[in-house]
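In the part that follows, the structures are each spelled out as C-alpha cells.
What follows is a pair of complexes built around subunit A, which joins subunit B in one and subunit C in the other.
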Partner chain A sequence: MNARIRSRLTPYLFLAPALIFMSVFTLYPLLAVGYYSFTEYDILRPPAPVGLANYQRLLNDGVFWLSLRNSFVYLIVTPVIIALAIGLAIALNRTLPGISVFRALYYIPVITGSVAIGIAWQFLFNGSGGPINGLLLWLGVIDKPIVFLTEPSYILPIAMLMTIWMGVGYYMVVFLAALQNIPEDLYDAARIDGCNHWQKHWHVSIPGIRPAIVFVAVISSLSALKVFDEIYVLTNATGGVLNSGSTMVFYLWKQAFRLQNVGYASAIAMVLLVITLSFSILNVRLLERRED
Partner chain B sequence: MVTAVKPRADAKRAPKALGSAIGWYMVLGIASIITVFPFFWLVTTALKGPGDAVFSLPPQWLPNEPTLNNFARVWQQIAVWRFFLNSLFVALCTVVLNITVSALAAYPLAKMHFPGRELIFYSLLATLIVPLELTYVPGYILAVQVFRYDDTLWSLIFPNVFSAFNIFLLRQAYQAVPNDLIDAARIDGAGELRIWAQIVVPTVRPSLVTAAVFTAVTSWNALLWPSLMLRTREIYTLPVGLNTLRGMFSADFRLIAAGTIIAIIPILIAFVFAQRYFVSGLSGAVKG
Partner chain C sequence: MRRAFALPLAIITLLSLILSACGSSTANQPAQPQVVTQIVRETQIVQVEKTVEVVVTPTPGPNPEAVISDVEAGAEITFWTFYLSPTFDKYIQDTIARFNEAYPGVKVKWEDRQATLQEEYRNSLAAGNAPDVVNIPTDWVLEFAQKDQLLNMSQALPPAVQAQYFEGLFNQVNVGGASYQVPWYQAVDGYLVNKQILEQAGLTMDDLPKTFDEQKEFCAKVKAATGIPCGLRLNTGNLLQSMAYEGNVTIMDANGRFVFDSPEAVSWLQYYVDMIKDGTTARDILLLNSSDDRIGLERFTSGQMPFYVTGPQLIRLVRESNPGLYGYLAMVPRAVGRSGKLPPVSMSIVVSKNTKYPRAAAALAAFMTNPRSMLEFSKLVQIFPSTPASYDDPFFTQPPVAIEDQVRPIARDIISRQSNILPEIPRLNEVNEIVRQAIEAAVFGGVPAEQALKDAVAQANALIGK
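Presenting the complex of A and B:
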C-alpha cells in the first residue's frame, strides 16, 4: 500500500522542484505585474489601486509611443540579419582549406557579451575621431565628423547595426546546419535544368531552409522587440538625447528602476506581453501553414 | 557521393572552380575584416601610450609608443579576476541547478502517465511566451522584500533555475530512449530515481551539453538583472564590472579598452578549447 502511494506520487516528486521555481519566478510575477498595473506603487509604500489610470497615462505619454515606435522600427534588424546570415552560410557551406577558421571567427561576436561590444562600438563611432568618422571623411561621404551617439536620428540605427553584427554568426550556424541537410541531388537536378549559380540557390537552397528561416524570423523579431542591452550600453543608460533611443524594455526599466513608478512600469510590461503574445500566435500560424 | 559521377565535367570546371574559390575567399575575407575590426580597435587602443591619440582625424591606426602599462594599471586598480570568479560561480551554480531541475522534470513528462500531465505540460508551454523582462519588476520586489537576497550572488542564480525551454529540450531527448530499457530496469526492481540517474540521463548527454552551454552563456552575458541586484563591487559579475569600469576610467579610454580586453579573454579561451560545444550547443538550442 505504502509502495503504491509512493509510486503514484513519483511523477509529481520529479516535477516538484521545477513547478516550485516556476510558480515563484514566472507565474507569481506574471500575476503580480498584472495587479501592479492597476495600482500606484513606489516599492516603499504598499500599492494603492488606481483603476485604469496607468493605462490612460500610457495613451498620452509621448515617450511611451516613441519607445513603442522604436521597438517596431527595430524589427528591420530581422530581415537584414536573415539575409546576411544566409549569405554567410552559403559562403561557408563548401569545402575550402581554412573554412572552419572562418566559421569560428564569425561566431566570436555571439559569445563576447553586449557590454564589451558596446564599449568597442562607442570607440568606433566616437564623434571626435573614431575610425568610422575617419573612414567616411576619407571616402568623402561627409566633410566634418558626425557626433553619432548624441545625434537623435543615429542612435537607433547604430544600436541596430550592433545587434546585427552580434547576431549574424549565431543565425549563420542555424542556416548552415539547415543547408547541410539539403540533398546534393537537388542541386544536380537544378544544374541539369539549366540553373546558374545564383538561380540554384534561389530555387533550391532558400526553399530547402525555409523552416529555419521561419524559426529565425520568430526568434530574432521577438528579441528585437525586447531589445535593451544595446541601448543601455551605447547611451550610457540615458536612452539617448530626448529619449531618442528608448525602446519598450528600456522605458519599462527606466520607469520601474530609475523613477520608481512600478505601477506605471507594470502597465508597460502588460503592453509588452500583449505584443509578444500576438507575435507568438502569428508565429504558430506561420508554422502551421508551413506544415500543410 | 557526387564527385565520382561526372569526372569530365569536373575537369572542365577546374579553372572556373579556382576562380570561384578566390571569389568566396574574398567574401569570407571581407566578412572577417568586419568581424575582427572592433576587436582590433580595442587592442590597438589598449596598446597606445600617453603620447598616442585615442581619437583623431585621420585616426591613428597603430600606437607609436606601444605599451602594456594600461593593462597593468587596470589590473592593479580593479580586481577583474574577482568579477571573473563571480561570473564563473554564478554560471556554474545556475547550470548545475537548472540542468538538474530540468532533467528531473522532463522525465515524467516523457515517460510516465499520471493525472494532470496535460495541464502541467501546457502550463510549462505557456511560460515560454512570457517575456523574461516582465518578471523583473515583481522579481525585484521579491528579492528586496521577501527573500532579501538582493546584493548577493544567489539573486542571480535562483530566478534562472527554472527553464521551460530546457525541460522541453530534454523531454524530446528522453522520448528517444527505448521504453524496453526502462521497463526491464523496473522489472529488475530499480527505483525510478535510479532508472533516471543510471539509464535515462546518461543516454541524453548531447542534449544535456546543449542545454548547459546555452544556460551558461546566457548567465555569463546577463546585464540587466545583475545590474539591478548587485551594489557591492566585490560581488560584481563581469558585465556589471565592465560597465562600471567605463565610468571609473572615463578620463582615459586606453584603460577602458585594456579592461575590456582582459574581460573578454576568459570566454575567448573557453571558446577556443570547447568550440564544438559552443557552436552545437547554442544553435542546437535554437532548433530544439
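Presenting the complex of A and C:
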C-alpha cells in the first residue's frame, strides 16, 4: 500500500468505529422503521406490505390528532422552563455561604428516576388524602376532593408541571455556566451607566447567555415533543381518561407495545421524525436570525 | 493384664448379643428387599403341615409422575416463571429435582422474569430464541395462541393427563377447538372485607352482597352512612370479560360479529355510570390496570374501602402495611354476576411452538401442574390447584385458622365452577382498547351508555372486517 492511499484511508479508519456504531444503532433502526411503516407488522409474524395504508389510517385517527395536539400544547413547557431556569441561575450566581447546597438541591430532581418522581406526584395529586387536595380543602378553595388524575382537563397540566420541576435544575446549570462566563466589566459598565438590578440583567445577562438560550430552547422543545415518562407514570400507562394525556411518543408506544401494531407505530414515528426535524431547523434558524 | 480385660470383654460381648436379639432386626438399617413369609396349608393324605418361605423382591416400577412417553434424550429446556423468585426458589428447585428423577437426562434451566415478561417473551419469539416452557397469566395466552406461537396442548398431552385438570380450566383458552395452555395455580377472588367500616355503616357480614345488583345497593348504603365509597374494578385486560360475567352480555353472534350493544350491555354500563356519578365507587380505581392491583389494595389497606376484590394471597401485604387492620379483616366469596358464572383467575404454563424438545417441554408443563406439585405449592402460599385430585388431601379440609385460610375449604367448589364463557375474540387487545374508550366516554365523558356502546361495536366490527 503506497503512502498516498494510506493517507487517504487513515481518516476513514479513525472514523470507522463511530460509523459502524452509528450504522448499527441509528441508521439501521431508522431505515427499518421507515420500511415497517409501509407494512402490517405485529412483531410475532413477518411484516406484510400494505403500501400507504398506515399513513391513510393516520389521517382518520382521532387519537393520533389529539396526541399531536397535546404534544404541541406541551411546548408551553419550553418558555416556562427557560424563564424559571434563568431566574434560578441568576439567583444562585452569587458567592454566598452554602450556595452550592442550594445548587445541588435544585439538581436533585434531574438525577432522580422519573418513575420515583411519578409515584411521588401521583401521591401529591391523589384524590383521597393527597396533600394538594388537603391544602385546597384547608384553604376552602374546594369543598370536596378532586380526583385530579381521572379528570381529562388536569392530566396534561400536571404532567407539564412535573416536566418543569424535573428539568429546571438541569437547565439552571447550563445558564449558570453561561452567566459565569460573562465578564464582570460589563456589569460594572452597566452600573456606571445607571442600570438598576433588573436592567443590568436585561441588558447584560440575557444577551450574554443567548447561545445557551438557543441551546436550551432547542433541547427542551424537542424533549417536550418527545415526552413519554411523565404521561406513562401519571396515567398508569393508559394515556389518561379518554386519551387526554396521550402525546405522540406515548401513542406510538401504545400502538407498538400494547396493541402490537408495529407497522402503524412506525408510521407515527416517521411523522414524528419529520415534525421534530422541521421544528429543530426552524427553531435554530429563528433564534440565529434574532441573534444576528 | 490380658486376663484383667478378658472378663469384662466377655461380659460386654454377651450383653450385646442378648440386646441385639431383643431389638428389631431392621432398626437403623438401610431398606432391604422385603421378605414375606407365607404360611401355606396344604391338605394331603398324610395330613402333614408344611411351611413354605417365599422371598419377594420388588422391581422398580415406572415413576408415576412420568406421564409423557418418548421424551427426547438429552433434552435441555428453558423454563421461565413470573414473579416467583426469590420467595419460591426452593419450591421450584425441588420440583425440578423431582422432575429430573421422573425424566432422567432432561436438563431444565430455570429463570424467573418479572414486570417485563410479556415484552421479553414476545421479543424472544420474534428473535427465534424463545424459552421452551413459560409461566404467563392466562389472559395473555390468547394473543400468542392466535398468532400460532404455542404448542397445541390438546395434542401434546395424552387424554389421561388432560383429565387431571378441572375441565373448565384446561379449556379456558380455546382457539380453533384446542387448548394452548395448561392451567397452573389459581386464585379465588373474593371480598376482602374491612369489618370496621361495616360496623360504622351499621351493617354486618350477612349484609354483604351476594349478587352484582345487591353490590350496588350495598355500596350506596355504606357511602350514605360513612361517606366511604366502594372500590370496584373492571378487568381492564379484557373488559368484555367483565361485561359477559357481570352483565350476562352476549359478546358475539353466530356470524362472528360483535353485538355488545344490547340492552343487557347498556344496563351493565349504566350500572357503573350511575355509581361513579353518585360517588358510590371510587373513580380512580374503576379502570386500574391489572398490573396496578396494589394501588387498589393500598387504598383498602389505608381503611378507605369497605371491601376489595382480591385473592387471599395478598392479605399478607395488608398485614405488613397495616397490622392494626388485620384483626378486622374477613374473606368471603364475591358477588356473582348476572351470568351466574365465575371467571377463572389463573396462571398458565405454555410451551413455545418452536421448541426443539416438544415432548420434554410438555412433560415439564404437565409435571409442574400435576396434583402433587400443585398441592405442595398450595401449602406454601394461598393459591389453589387446578387439579381436583389435590383437594383430596386433608390440608384442604382442615378448618381455617387464619383469615388467609378462610377460602380454602370452599376453594374446590369455587374453582370447579370457573369456566370461560367468552368466545374466541379476534384482535383482542385492539377490541379491548375500543371498549375501554367506550366505557370512559360513558363513565367520565358524559356520552350516553347506549351511544358509547353502539359506536364501539361499529368500530370493533370494522376492525375485524365484519
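The rule is simple: the second predicted complex is superposed on the first by the 266 of 292 C-alpha atoms of A that agree within 3 Å, B and C clash if a C-alpha of one lies under 4 Å from a C-alpha of the other, contacts with A are read in each partner's own complex, and residues count from 1 in each chain.
The criterion applied here is as follows: a contact is a pair of C-beta atoms (placed from the backbone, for glycine too) under 8 Å apart; a residue touches a chain by one contact, two chains touch by 3 or more.
Note that this is a predicted model, so its numbers are computed, not measured.
Engineer: Assess the superposed three-chain arrangement around subunit A: do subunit B and subunit C clash, or do they fit?
Structural biologist: The answer is clash.
Engineer: Can A:Tyr107 be said to touch subunit B (first), subunit C (second), both, or neither?
Structural biologist: First partner only.
Engineer: Give one of first, second, both or neither to describe whether A:Val241 is in contact with subunit B, with subunit C, with both, or with none.
Structural biologist: Touch partner of A:Val241: subunit C, not subunit B.
Engineer: Per the contact definition in the header, classify A:Pro157: touching subunit B only (first), subunit C only (second), both, or neither.
Structural biologist: Once the two structures are laid over each other on A, A:Pro157 reaches no partner at all.
Engineer: Contacts for A:Ser128 in the overlay, against subunit B (first) and subunit C (second): which applies, first, second, both or neither?
Structural biologist: The answer is both, since A:Ser128 touches subunit B and subunit C.
Engineer: Is A:Ala269 contacted by the first partner subunit B, the second partner subunit C, both or neither?
Structural biologist: first
Engineer: In the superposed model, does subunit B or subunit C contact more residues of subunit A?
Structural biologist: Larger number of subunit A residues touched: B.
Engineer: Examine A:Pro79 and indicate which partner it touches, taking first as subunit B and second as subunit C; both and neither are also allowed.
Structural biologist: neither
Engineer: May I ask you to decide whether A:Ile43 touches subunit B, subunit C, both, or neither, giving the answer as first, second, both or neither?
Structural biologist: Touch status of A:Ile43: both partners.
Engineer: Pick one for A:Pro29: touches subunit B only (first), subunit C only (second), both, or neither.
Structural biologist: So A:Pro29 only meets subunit B here.
Engineer: Taking the superposition on A as described, I'd like to know which of subunit B and subunit C A:Phe257 touches: first, second, both or neither.
Structural biologist: Both partners.
Engineer: With the two complexes overlaid, spot the stretch of subunit C among 42-50, 222-230, 258-266 or 294-302 whose C-alpha atoms clash with subunit B.
Structural biologist: Once both complexes are placed on chain A, subunit C clashes with subunit B in 294-302.
Engineer: Of all the subunit A residues, which ones make contact with subunit B and with subunit C?
Structural biologist: Overlap of subunit B and subunit C footprints on subunit A: residues 43, 128-129, 236, 257.
Engineer: Taking the touch rule as given, give the residues of subunit B at its contact with subunit A in the complex, in rising order.
Structural biologist: Counting only subunit B, the residues touching subunit A are 1-2, 20-21, 24-25, 27-28, 31-32, 34-39, 41-42, 45, 53-59, 100-102, 104-105, 107-109, 112, 114, 117, 120, 123-124, 127, 129-131, 133-142, 144, 158-159, 161-162, 164, 167, 192, 196, 217, 220-221, 223-224, 228, 238-239, 242-243, 246, 253, 256-257, 260, 263-264, 267-268, 271, 275, 278-279, 282-283, 286-287.
Engineer: Per the contact definition, I'd like the list of subunit A residues that touch subunit C in the complex.
Structural biologist: 42-45, 127-129, 147, 149-150, 152, 236-238, 241-243, 257-261
Engineer: Please name which positions on subunit C make contact with subunit A in the complex.
Structural biologist: Its residues touching subunit A are 119, 122-123, 125-126, 143-144, 147-149, 282-284, 287-289, 291-292, 295, 299, 302, 304, 429-430, 433, 436-437, 440-441, 444-445.
Engineer: Which stretch or stretches of subunit A touch subunit B in the complex?
Structural biologist: Within the complex, subunit A touches subunit B at residues 7-8, 10-12, 14-15, 17-19, 21-22, 24-30, 32-33, 36, 43, 87-88, 91-92, 94, 96, 99, 102-117, 119-121, 123-124, 126, 128-131, 133-134, 137-138, 145, 165, 169-170, 173-174, 177, 184-185, 188, 197, 215-216, 219, 226, 228-229, 232-233, 236, 249, 252-253, 256-257, 262, 265-266, 269, 272-273, 276-277, 280.
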